[in-house]
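For clarity, chains are labelled A, B, C and D in written order, and residue numbers in each chain start from 1.
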Amino acid sequence: MRSMMEQEKLHDECGVFGIYAPGTNLADICYLALYALQHRGQESAGIAIFQDDRFQLYKNTGLVSEVFNEKTLSSIKCEGNIALAHCRYPAEKEAEATIVDAQPMVFNYLNGLIGMTYNGSLVNYDDLRYNLALRGSVFQTNSDCELMMNLIASYAQDDLPGALAKVMLDAKGAYAIVAMMEDKLVGMRDPHGIRPLCLGKLDGHFMLASESCAIDAVGGELVRDIAPGEIVVIDKDGFKSYGPYGKQPHFCIFEHIYIARPDSTFDGVNVYLARHHMGKILARESNIDADIVIPVPDSGVPCALGYSEESGLPYRMGLLKNRYIGRTFIQPTQIMRDKSVHLKLNPIKETLQGKRVVVVDDSLVRGTTSRQIISMLREAGAIEVHLVLGSPPVKFGCPYGIDTKPSQLIAVKQTKEQICEYIGADSLHYLSIEGMLQATRQDPNHFCTACFSGEYIVKPCPFQNKK
Amino acid sequence: MRSMMEQEKLHDECGVFGIYAPGTNLADICYLALYALQHRGQESAGIAIFQDDRFQLYKNTGLVSEVFNEKTLSSIKCEGNIALAHCRYPAEKEAEATIVDAQPMVFNYLNGLIGMTYNGSLVNYDDLRYNLALRGSVFQTNSDCELMMNLIASYAQDDLPGALAKVMLDAKGAYAIVAMMEDKLVGMRDPHGIRPLCLGKLDGHFMLASESCAIDAVGGELVRDIAPGEIVVIDKDGFKSYGPYGKQPHFCIFEHIYIARPDSTFDGVNVYLARHHMGKILARESNIDADIVIPVPDSGVPCALGYSEESGLPYRMGLLKNRYIGRTFIQPTQIMRDKSVHLKLNPIKETLQGKRVVVVDDSLVRGTTSRQIISMLREAGAIEVHLVLGSPPVKFGCPYGIDTKPSQLIAVKQTKEQICEYIGADSLHYLSIEGMLQATRQDPNHFCTACFSGEYIVKPCPFQNKK
Amino acid sequence: MRSMMEQEKLHDECGVFGIYAPGTNLADICYLALYALQHRGQESAGIAIFQDDRFQLYKNTGLVSEVFNEKTLSSIKCEGNIALAHCRYPAEKEAEATIVDAQPMVFNYLNGLIGMTYNGSLVNYDDLRYNLALRGSVFQTNSDCELMMNLIASYAQDDLPGALAKVMLDAKGAYAIVAMMEDKLVGMRDPHGIRPLCLGKLDGHFMLASESCAIDAVGGELVRDIAPGEIVVIDKDGFKSYGPYGKQPHFCIFEHIYIARPDSTFDGVNVYLARHHMGKILARESNIDADIVIPVPDSGVPCALGYSEESGLPYRMGLLKNRYIGRTFIQPTQIMRDKSVHLKLNPIKETLQGKRVVVVDDSLVRGTTSRQIISMLREAGAIEVHLVLGSPPVKFGCPYGIDTKPSQLIAVKQTKEQICEYIGADSLHYLSIEGMLQATRQDPNHFCTACFSGEYIVKPCPFQNKK
Amino acid sequence: MRSMMEQEKLHDECGVFGIYAPGTNLADICYLALYALQHRGQESAGIAIFQDDRFQLYKNTGLVSEVFNEKTLSSIKCEGNIALAHCRYPAEKEAEATIVDAQPMVFNYLNGLIGMTYNGSLVNYDDLRYNLALRGSVFQTNSDCELMMNLIASYAQDDLPGALAKVMLDAKGAYAIVAMMEDKLVGMRDPHGIRPLCLGKLDGHFMLASESCAIDAVGGELVRDIAPGEIVVIDKDGFKSYGPYGKQPHFCIFEHIYIARPDSTFDGVNVYLARHHMGKILARESNIDADIVIPVPDSGVPCALGYSEESGLPYRMGLLKNRYIGRTFIQPTQIMRDKSVHLKLNPIKETLQGKRVVVVDDSLVRGTTSRQIISMLREAGAIEVHLVLGSPPVKFGCPYGIDTKPSQLIAVKQTKEQICEYIGADSLHYLSIEGMLQATRQDPNHFCTACFSGEYIVKPCPFQNKK
């Protein structure tokens, strides 16, 4: 559930999935799981299955629907016991145009073949890589995933859970890893639990996934979230947990605001309900005198529904989103671009004419899209346009896997009043940090709010140092 | 805005578009128009531009985003004055797998080159074709479009408007045609105005489109609907109208219920508002005691919002639609299919648990999807599920371009009570024919309601005869 | 067997093939036949099979190996009785970039479905088309094939052989047609037999093909050539012949010189032997004092072998042809082009150094390739280079299906001496017209030699008029 | 220049190419070089160019003409100074279906980025890999190339020539490597010079290539062969040579017999002339009473020409090879396969009828193709068929990069008489080992003849041990 113009949005870097399920159709299960995690990564997709002493692997750039067709999905169908799946947004340091960095990655080291999928971002990547190179390590990508593998290989004399526990001491940052060897599925979540990872069950078999919606999609049941710093091993003897070697949890609050799917649940909190609640609190905090509430589809919908319910203002469809604009949409020439803003998001004039409109979006990053939307609403006949946002101002970069660069954040450089003027709204309303945390109905300390508050919990932190 | 499972839905057969605009980027304009009309036809897409004495043409099977990429779109860019665009669902008698039947079609006849796009269905196709073959006509497809061209060629000694007026006497059925010759754009709508066609303006240039949303998408303004039986010619001297040779209008009410985009407007009536109003009337007609109202996304949303507003029951997201399931989704094996119903449409348990739920969809065709949805809602914790539909029972086949076959319509064979039991609902509520017509706030005689009422206005009618 | 640089060569316009063989694997047979006829047309390929009351058809632009893969070939496999196959070079008036003109073409007319394949060129196309358009005919291409179909449809009240006999009176030019209807395979060759067509037999089933090598390729046996002006019908009752309505035969001599495959045989004369004999006669006619004979591969090989045998000069490989340069070779930039002449045809220095070289090619069209080759041979150490050609000077355009334009023929504008100087040879030797005809060991009147002699046998002839 | 049925032939594993040429169009040069080396590897192709501090790299599975089109070639065009190119047959232990093992491979190690291309085979791969894994090395492929890189990285404290000299002591087998770092191109050939590598010059710039034909193709000049055990470095200061750390040369004689292109030259010996000479010696050794000599095209042609010249028997084209049968040819069903043997190689009956035929091929591996050919020749009318081969019996596996498995070699299991009977020849004649060596006019000790003699020069040797 993405908002209008993907390119203006923050994005997470990956969806990970793994399952240990002998005797099932692993390729189909992974395929379904990838569709459910597609919103977490749309640049590449891949599935690997362990069969006998080798991998069946297919991965490529593109959406799941582009990467997997009858032929490519058939190519990996086999009698395996364990499988991994992954979809990806490339991290800034990784290659974009090739499939070199696509995951799952497969490696061979002292203890045999291993497949890995990774979501997150390390803050001490450069130091770790230099030290490994000194020992003779060779790298084929700039990915955290390959670096983590070389770290693991440097502890190859330990058993895998032991090696991972040592890796956890070396690696600083946010990550969720799902890996497999010939006889086991392994999961690990960073000590602060910044990135999500949960455990599910399907017909008695265990699986790991970034979000619970993937577990639903394959017909399974959510068991629980993996704990911060927890290492889990799933094999023929069932499920074993090591650690958790975690610290105070700091789950990324942006998963609740924008990244995760509304039907996912983290630590017992449903994302749709959290967003609905944020809308309600926002209605109380903003208290705008208007005629109707409309969402920016799709990401503003839950928050707008909450806003409407709390404020009593009627909820309307004011903007129609074109469902067919995809990755391959060709940007028209400038002159057509001005005309075609109605293609992606067309106002329904009959809804807006003569109305004072509250328009609800999840967050404001650069402001250019909001500016276009507000202008469009006025042309369609709205007499007032108030923008309300289901999150506080995004003022700080994220080194933990959300690709926010301070230079692109309008709230870093401009005051609320300047932004309001730039986007052309009659008024602009952010959700407060307190309101945001309250909407989750969890301990406020449970979350990482660094992008809003600048309070970075894992150091060294590149963005913090540069301040 | 399509509902969950495309294959269970009725579909219209085409979107047509044409523009006369010297000095503009015709290829880009057509490309944008096709994206806006994509919901009317997803099997093939094409654009033709008249340049000097020849056509630049590209068409292929697939979605607009599959057919047109940088290369194929560039291939038709030229200094032309007139262009056509078309997207298509194949009619039953046409070829599916090849691009032979894709449009625009281009022909050469006595008076020169002509390009044609067509939406609709003729009821006397067989008779017309036999008569033409007797005269020596050769056909390369089974399409209405090619047949209409041969009819026109048989009046080649007349000027084009004159020939079209004669064709209108021969051809029985529903159609909207946009054609072009070297120096003019031509449009024609069947005498009952069953299929839609409207006139727009962009920077002083005229265009014709199946729906007004296409005119919005290219930055233009809706001028008016083409009248039933009207023939229009647009050339360097501007706009000329011939006729209308029409009769009592009978516009397809199913455009308002399901086919058209909510932001389109026909004869001054906005589709979203009509659907919202249908929801309100439904609330009055059904009067269900429940806790929440949820839509089947996306097509049930406007109706559900109207229902919620009129009934006072809170509106909730109860089902999350996966936006990434597209044409290329591979049907999983049976065992996975049972599990993967959650992939396409996943219930949000936290919304549904312990609730009496009103679920709103636009129409009921076969019933299998509704059955799965209701079962899913119950598993997610709903204690009552009431299905309400924004249309009357679909009981009759449509010979005018909507691909309904009586054998596939559950309402033909079963009573309301049987259907309710089959789908597993606590209660089932249709909108009445009167309520449906009332929601449009137009003269009830303005519409063709044959699929609900069996009152066919154009004869001979194959479905009627078979009764 | 093509010479070095395709773009400099003349080309024929098509290979046609048809078979009536119930109970066999028609798709596979056609696929093999197309590979054997590939040298006659490399721009598009297609196969059509008649099954029950419809066609299984697949055609596309490209080589047979590009058009047909496991998937596309499987798509046409069926239980049919009759099949057609075609590969094509587009005629000048036809569309190049699309598959609209690809064959087999399939049509529906008064007497039912008909599939057609065509090789040749009509000289009165424009007149025929105008007359048909006056009667109401609609054309979708500029192809002879579609025009012939409309002519046939205009005689639809006659039976097919009767209609074809009438068509033969209207149509002027060179053609070989293979067509099929539900119950029969039909073949026709123009009254002069300019383009080839032969009859073969495979396990008791009849087939028709442009060249006998296609009959060999499917494991069949050549029965005989179809006579000029003969119409043949093959159905469940076997083979019937109508006519021949032919005149004096005038078979295209260029088939023997360059177009046909060396293993094909026309009217009992094997192409390889004819070329070998041409080489012998050339040796006698030219009588050059030299050290070695080398061919321009591949088309110069048979002639060079004959030359070597008759002259006693040793035959050597002096130029190595790169087998991997195909349709998709990207022309390098100018600076690289100068360097890369060695890519397509690399001299073997050790063969050439210090030698007086006779280099043999089949024909000389523009001269640019010969110029490059001779320069290359000198750089590689040849001390003399004598170019001998297995045909007379090409001085006239061909309106019968070989795409020669007088403006591109070097022999139209320059004398033998000027050409020799331009290409940089020490001497230049053409085969005489008499020698050429003698090498076939047939009646000299049997052939059309218009491109060498200017004696056009079918009129009106566009090239002739323009003189 | 490949013989009829690729799948029956031995194949080498790669073509390597590198150039240091600032200010030139490196992408185009590499593209041309790959076309010239295509016969050495048809499973994947790739080009890498070093630009500033990163690589422009494109590689994929398929032929050069499939991998590189306008778009992919443009994608790597840049202002770089150094480039590598590679085409590949996968070694047995490598992955076939994916591009993971395609080269050039690019790595990052302590001293920076490095690109590598590799041709050959290591005999102590397993030992080397185990030792590296113990130190923490991680492998992503089973390729020699990646292993060599990890070996180099283990000597990362040395400069590159120094590290390579140490690698040469560890690595046992046959190899030619071309690598590049930011500022230099590097080449290395194994101590016995089993696999070829030569140095060329183009407009003052140096390049390295597997065969001299690639140097010709880009318009350059052959300078000399790289010596066995020589390491060369080319940078802005020109060309430097280290070593040679070589031993007695043992160049692979099979390069002369079949693998290399006839226009390539190794150590001053032209391949075409060597084959021509082999043909002459064969004629003397076999001394057959017959009427004509025909080659199996294309690989038997040079040898057959020599045979004809020495024996005085006339040389004829007896078999026509279809040039369009490529990688994508679909194997027809069994029944069609029997018929379609004529598709790939069609006999010219007029040449063969009533003749005693000597048919010349380069070598005999499995015998199945020869058997089909001989049967075909007899059916076409040959009254005697004598098979002569331009090499001795292939009796031993090759661990040095030619993919011969003893189990597939007919000469391992059967006597000459048994083979002659199996293939159906009237007589069978091999070239003697002495004759073969004599034809090269070089020191007989200069060559590795292990596949004929069983004398393996580099140990440990897996095939030898298994005897």
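By our rule, a residue touches a chain if its C-beta (ideal position, glycine included) is under 8 Å from a C-beta of that chain, and two chains touch if they have at least 3 such contacts.
The shown structure was predicted, so the numbers you read here are calculated from the model rather than taken from an experiment.
Student: Which neighbours does subunit C have in common with subunit D?
Tutor: Looking at subunit D and subunit C together, no chain touches each of them.
Student: Where the CA atoms of subunit A average out and where those of subunit B average out, how many Å apart are those spots?
Tutor: 36
Student: How many Å are there between the centre of subunit B and the centre of subunit D, using C-alpha atoms for each centre?
Tutor: That pair's centroid distance is 61 Å.
Student: Can you compute the centre-to-centre distance for subunit B and subunit C, using the mean CA position of each chain? Integer Å is fine.
Tutor: That gives a centre separation of 49 Å.
Student: Graph of touching chains, which shape: line, ring, star, complete, other?
Tutor: It is a ring, because the chains touch in a row that closes back on itself.
Student: If you go through all the chains, which pairs of them touch?
Tutor: A-B, A-D, B-C, C-D
Student: Quick check on the complex: what are the subunit D residues that touch subunit C?
Tutor: Result: residues 1-2, 25, 28-29, 31-32, 35-36, 38-39, 63-66, 68-70, 73, 202, 213, 216-220, 261-263, 265, 270, 272-273, 298, 301-302, 305, 309, 314-317, 320, 322-326, 328-330, 332-333, 335-336, 338-340, 342-343, 346-351 of subunit D touch subunit C.
Student: Tell me, which parts of subunit D touch subunit A in their complex?
Tutor: 57, 75, 97-99, 105-110, 132-140, 142, 146, 149-150, 153-154, 156
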